[in-house]
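The structure follows.
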Amino acid sequence: MDEFLTNLPVFREAIWQTFYIVSISVVAGGLLGLGLGLVLYATRPGSLMSNRAVFITVNILVNIVRPIPFVIFLTAIQPLMLVTIGTTIGTNAVTFALTLAAAFAVSRIIEQNLLAVEPGVIEAARAAGARPISILLTVIVPEALGPVILGYTFIFVGVVDMSAQAGLFGGGGLGDFAVTYGSQRYNWPVVYITVAVIIVIVQAGQFLGNALARKALRR
Amino acid sequence: MDEFLTNLPVFREAIWQTFYIVSISVVAGGLLGLGLGLVLYATRPGSLMSNRAVFITVNILVNIVRPIPFVIFLTAIQPLMLVTIGTTIGTNAVTFALTLAAAFAVSRIIEQNLLAVEPGVIEAARAAGARPISILLTVIVPEALGPVILGYTFIFVGVVDMSAQAGLFGGGGLGDFAVTYGSQRYNWPVVYITVAVIIVIVQAGQFLGNALARKALRR
Amino acid sequence: TRDGADDAQTVRIGVADAASPYWKTYADLAKERLDVNVTLVNFNDYSQPNPALKEKQLELNQFQHIQYLANYNVTAGDDLQPIGATAVYPLPLYSLKFTAVTDLPANAKVAIPNDAINQARGLLVLQAAGLVTLKNGGTAFSSTTDVETKKVDVVTLDASQTAGALQSGSVAAAIVNINYATNAKLPKTAVVFQDDPASASAAPYVNIFTARAEDKDNETYLKLAELYHDPAVEKGVQEANSGVAVLRTVPAAELQALLTTVQDQAVAAQK
Amino acid sequence: MTTTPPHVRLTNVTKTFSRGRNGTQVVALDDVSFEVAKGEVFGVIGQSGAGKSTLIRLINGLESPTSGQVHVGDQEITALSERDRRGVRQDIGMIFQQFNLFRSRTVAGNVAYPLKVAGVDRAERDRRVARMLDFVGLLDRAHDHPEQLSGGQKQRVGIARALATEPSLLLADEATSALDPRTTTEVLALLGRVNRELGVTVVLITHELDVIRTVADRVAVMDRGRIAESGTVYDVFAHPRSEAAADIVRGALRDRPSAETLARLRRSHSGRIVTVAIRDRTGFQTALARTFLAHNVAADIIFGGISELQERAVGSLTFELTGPADGIDEALAALRADGVELTEED
Amino acid sequence: MTTTPPHVRLTNVTKTFSRGRNGTQVVALDDVSFEVAKGEVFGVIGQSGAGKSTLIRLINGLESPTSGQVHVGDQEITALSERDRRGVRQDIGMIFQQFNLFRSRTVAGNVAYPLKVAGVDRAERDRRVARMLDFVGLLDRAHDHPEQLSGGQKQRVGIARALATEPSLLLADEATSALDPRTTTEVLALLGRVNRELGVTVVLITHELDVIRTVADRVAVMDRGRIAESGTVYDVFAHPRSEAAADIVRGALRDRPSAETLARLRRSHSGRIVTVAIRDRTGFQTALARTFLAHNVAADIIFGGISELQERAVGSLTFELTGPADGIDEALAALRADGVELTEED
């Protein structure tokens, strides 16, 4: 406990880092993933803009990225990181990598949820002469909004979890704090407190997600 | 490359371990998660068996487990592991932990996808006098089957990814092999080959998932 | 311990570098000379092998030095014992851009490992190199929060990642554990500073075979610890560490006495 | 007097829905009470949004009323838990306005579902499914999925599903709205048969008079959440007492020309136009014909409809009268004096 | 002869669906050809599953035919890419059989959607939405979501949505099936008005004769994927040439008693029962009456319907004849000799 108090500034810093990493990854990765997910959905055989070549390419790309162990993924994209953000370590590097990882995960969630949209409403939009991209964004996504919101919430929780690996690359954050100052030192109070904070953040996010989803579903 | 060949038996062992860990986690975790997901779905306010107390409890439980860093989660459930499987390290221990982790993730995916089922068909089942549990299993899940299959595929890929963390606890597997024999030793051929195998496994899984989902969706 | 199908005894040893070829040499020798089947259990996470040993899921482990074990025993309330020494590894500070510590510009980024033990030792190295000063002169338990004055920016990374950060140019210098440095093929000329493995202050950093207290006199285990110093194995160890490992044979009793001393220091440091 | 209890009874049932952000209330049902006897076919008609579907959904407890009681047999549905309602529902078939077919099941699977729920064994289930599908003319589509069917075919699957268990009470919400007249006739014949042969009680929502006429014993007219009028089909149609009922009946019987039709009739007919309400009285039309002939008036029927309601004729005929103006006046006066209900259209 | 090109033209259109595992084929449309002129209201009737919805969906290219061409105006829809079809579709309104409302949008949002697509600005959009909703009687429900509406209310939203852009071609698939007769009349009046005032071409699927009668100029009768017959409404209804058309017309006009009705009529009427086909000929009924009276036969109309089709009367009347047996025989013989089409029911 004493040790926890002496580490208080680090803890505060860790909370801030977690917020930084998670919020940017979820927002940026969420948008990127939405795009990818729409491509996956719209280009699949029989869909709105079905295009075998694009579908197969993106499908395989997503499958290549998602299962790669995070350490290797981060190492693999280091050249890309150097070009874009100029560093391969630290909070920004981890955020960059997590953003990509989140995007690929989000794309699958989006794809799944959009597939549940009833074909009839898509026909109604087509019959009105709308463009496919507009049908996607103004009809299909809104129709699937409830599940999509829950999907984002799911990814949010996953990103909080993955952000624990930020420590590997000097990204800091609560997960790293819990491990470095807690479990690695067998300092359980630190673990409890930190994990409690993580859980509070997640509960708040999930609560918000549930509430928004309920609003979108109207049931 | 030479080094890769000398490590061939370890590589084979790693492939086998990955299969073992992933298949058990996906199947056992999938079933467990289905159960949890059904509880989440069915007990939410306004749903088939709405029960505030159960919903809130399970909801919070799932939120507590999912974001905890894997190292800490695995440490936390060690007492449970000792009682059930008698060990806290190795392939079985990792499989056990991954099964739980997968179950909690699956529960959210199931919840999401079931929410997209049209209320009208649920009414038709209620009007026939069916029991809620039978409505859940024989109507709602089948109605959401396409997205649910894609959800399981999503989790499968996630488990393959998470299984890379098996190395933390002496669980082995391809992810561990790629890191320990590959990236940590800057032995890139090992990384490439191993990651390629991982990707092949994932592509095969995704291909199967897509095919089954298409069959279930009939479009 | 339990009997294998061929009547040979099986001993599970927890390690963190099972990929190093010398472990294969070692296991073959154990089978040949001692009729012991060695099963290596590899851990990517240092926090796991000691609890696993305590829980009797391992018979021995070999991944840590006395300092780490003392820390574990004190914080986890355990009583694991060293039964043989292996080697001391210096902890060098590398730089690819600069040839001397003094060349490092102000606020240059320097990476150190983030696990508790390596972090403290890395900070002590940086202090010795005149790059930081630590609260109360620093201990084997210092962390980045104890940095009082600094000439450089200290960033902590996973021990396996400091070499990579150095190579990508993300940091100006990095503390790199010798095994990772070898794997990353960092040239010896890039070492700009390192602690002296032979000094008395380095004594707690001697790596050890560890067993449960009740097994500390087990004949087989002691023989297994000794086997590490077979020339074939030692040669492999040196190959795996670019020849910088300082192999040590210290009697078990002496190691155990040293452990007690360090544990006392650890208890004191916790207050 | 001892009577068998009604099969369905609603007592002072009110149902409101709240909607929108400001929580305005929609009163879907307003103090509704009625009874349906065992073995009766009870029709419900009324304008769109009058509350018909809401009413029928209260009967099997899919929805609960805001206030009031619903009884089915001797069970008070409104007092039962969702769990206890299940038993009651197994004996009630329901045809939904929007079909509500299971998309994950084939046509046969949809029809088999309530049988499965009722625990009917496999062989018997297959037999009954085949029989029902044969009846609705979809036996060759048994293995198709709902999205492969036309609108009317979907509706027929819904009908087959509702009847498969041979329930003692059938709730039919616009069960023939998507069907062509011939298929409608066939379905109604089936409803009539199960009603007669198995004594099934039917509550039937529809806006097609023919449906009511063919099978209903009694009918209730709903108007903005209230029951404006109810009684035997003949009474309500022949002598509507409420404004709402008259309005609906006029639309339903289609025996009186609308203003538009009248305008068109005018264009092609130059004579005076008179609409006569038909009375179920022997010799009525002969008397009419005689009167017109006696006054030298030529009477041509240019519009009208005479339906048979519960074995009695009801409707009206619109005549074009040509001949001497005073002859027409005299003939009309004579008919009016004779109690004939007639209106001269202008 | 120069004529304006037809608004819609189908040439030898065939559409098959494959279904099931063994890939059996359903022939939904079989070599269908027809034309709809600009400004015409073209009705399509036919049994459930005859291919009506499939047909209409080919016109705006939601579905592509297996073979054959579809033209809308001077564009060949079947030759256009999905991209190029968009422009054509913006000028076509479509009312779906299953409504297909956007659940994520309010009632107003649903109606506004095609206006948004067409790039109508906000203020104008709001005005038009309000006008359409006012017309279908749902202005007060503008901010509700579809699941809060009754079946007929949903259908009305679909109608408002299809008409909002004032398209030059309207495809209506059972647009009034969920509506009560009065609302149906109102909707049909609107369709008639947009047709007359704006020259909108309408293709109208329905199984309700009234709908055809009120608004259609020409009608096609579909039977198992083929067009059995087409022509002006009067011709098809008054003189059906094909078996399929006769069958449907009989069901639709409902002017002849079904076997069941006849049985019931028999129970309450002891006289001989004769059905007479009405001809649009002045003095026809007077002649009838005169003949019956001359032979001392009392003739009571007990069933029948006379509708006005394109300003001409069509239908039949069923009489109960009472009086001396030979008098009846003579009267019937006289009428037959006079060319009257009559059948004695037995």
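The chains carry the letters A, B, C, D and E, assigned in the order they are written, with residues numbered from 1 in each.
Keep in mind that, in the parts below, a contact is a pair of C-beta atoms (placed from the backbone, for glycine too) under 8 Å apart; a residue touches a chain by one contact, two chains touch by 3 or more.
Since we're looking at a predicted model, the values are computed, not measured.
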{"item": "Chains in simultaneous contact with chain C and chain D", "value": "B"}
{"item": "Contact-graph distance - origin chain B, target chain E", "value": "2"}
{"item": "Pair of chains ranked first by number of touching C-beta pairs", "value": "D-E"}
{"item": "Chain centre separation in whole Å, for chain C relative to chain B (CA means)", "value": "35"}
{"item": "Geometric centre distance via CA averages, chain E-chain C, whole Å", "value": "88"}
{"item": "Length of the line joining the C-alpha centres of chain A and chain E, rounded to whole Å", "value": "53"}
{"item": "Shared-contact residues (touching 2 or more other chains) in chain C", "value": "47, 160"}
{"item": "Residues of chain B engaged with two or more neighbouring chains", "value": "71, 75, 119, 165, 179, 183"}
{"item": "In chain E, residues with contacts to at least two other chains", "value": "98, 147"}
{"item": "Touch relationships between chains, expressed as pairs", "value": "A-B, A-C, A-E, B-C, B-D, D-E"}
{"item": "Footprint of chain D on chain E - complex, ascending", "value": "17, 19-20, 26, 45-50, 52-54, 97-98, 143-144, 148-153, 155-156, 173-174, 177-185, 189, 192, 207, 209-210, 214, 247-248, 251-252, 254, 257-258, 260-261, 264-265, 267-268, 278, 282-286, 289-290, 292-293, 298-308, 311-313, 317, 322"}
{"item": "Parts of chain C lying in touch with chain B, wherever the complex brings them together", "value": "14, 18-19, 21, 41-45, 47-48, 51-52, 55, 57-58, 160, 163, 180, 183-185"}
{"item": "Footprint of chain A on chain B - complex, ascending", "value": "45-46, 59-60, 63-64, 66-72, 75, 105, 108-109, 111-113, 115-116, 118-119, 144, 146-147, 150-151, 153-154, 157-158, 160-161, 164-165, 175, 178-179, 182-183, 191, 195, 198-199, 201-203, 206, 210, 213-214, 217, 219"}
{"item": "Residues of chain B that touch chain C when the two form their complex", "value": "3, 6-7, 71, 75, 78, 82, 87-90, 165, 167-170, 172, 176, 179-181, 183-187"}
{"item": "Residues of chain C defined as touching chain A within the complex", "value": "46-47, 71-72, 75-76, 111, 114-116, 119, 143-145, 155-158, 160-161, 164-165, 168-171, 270"}
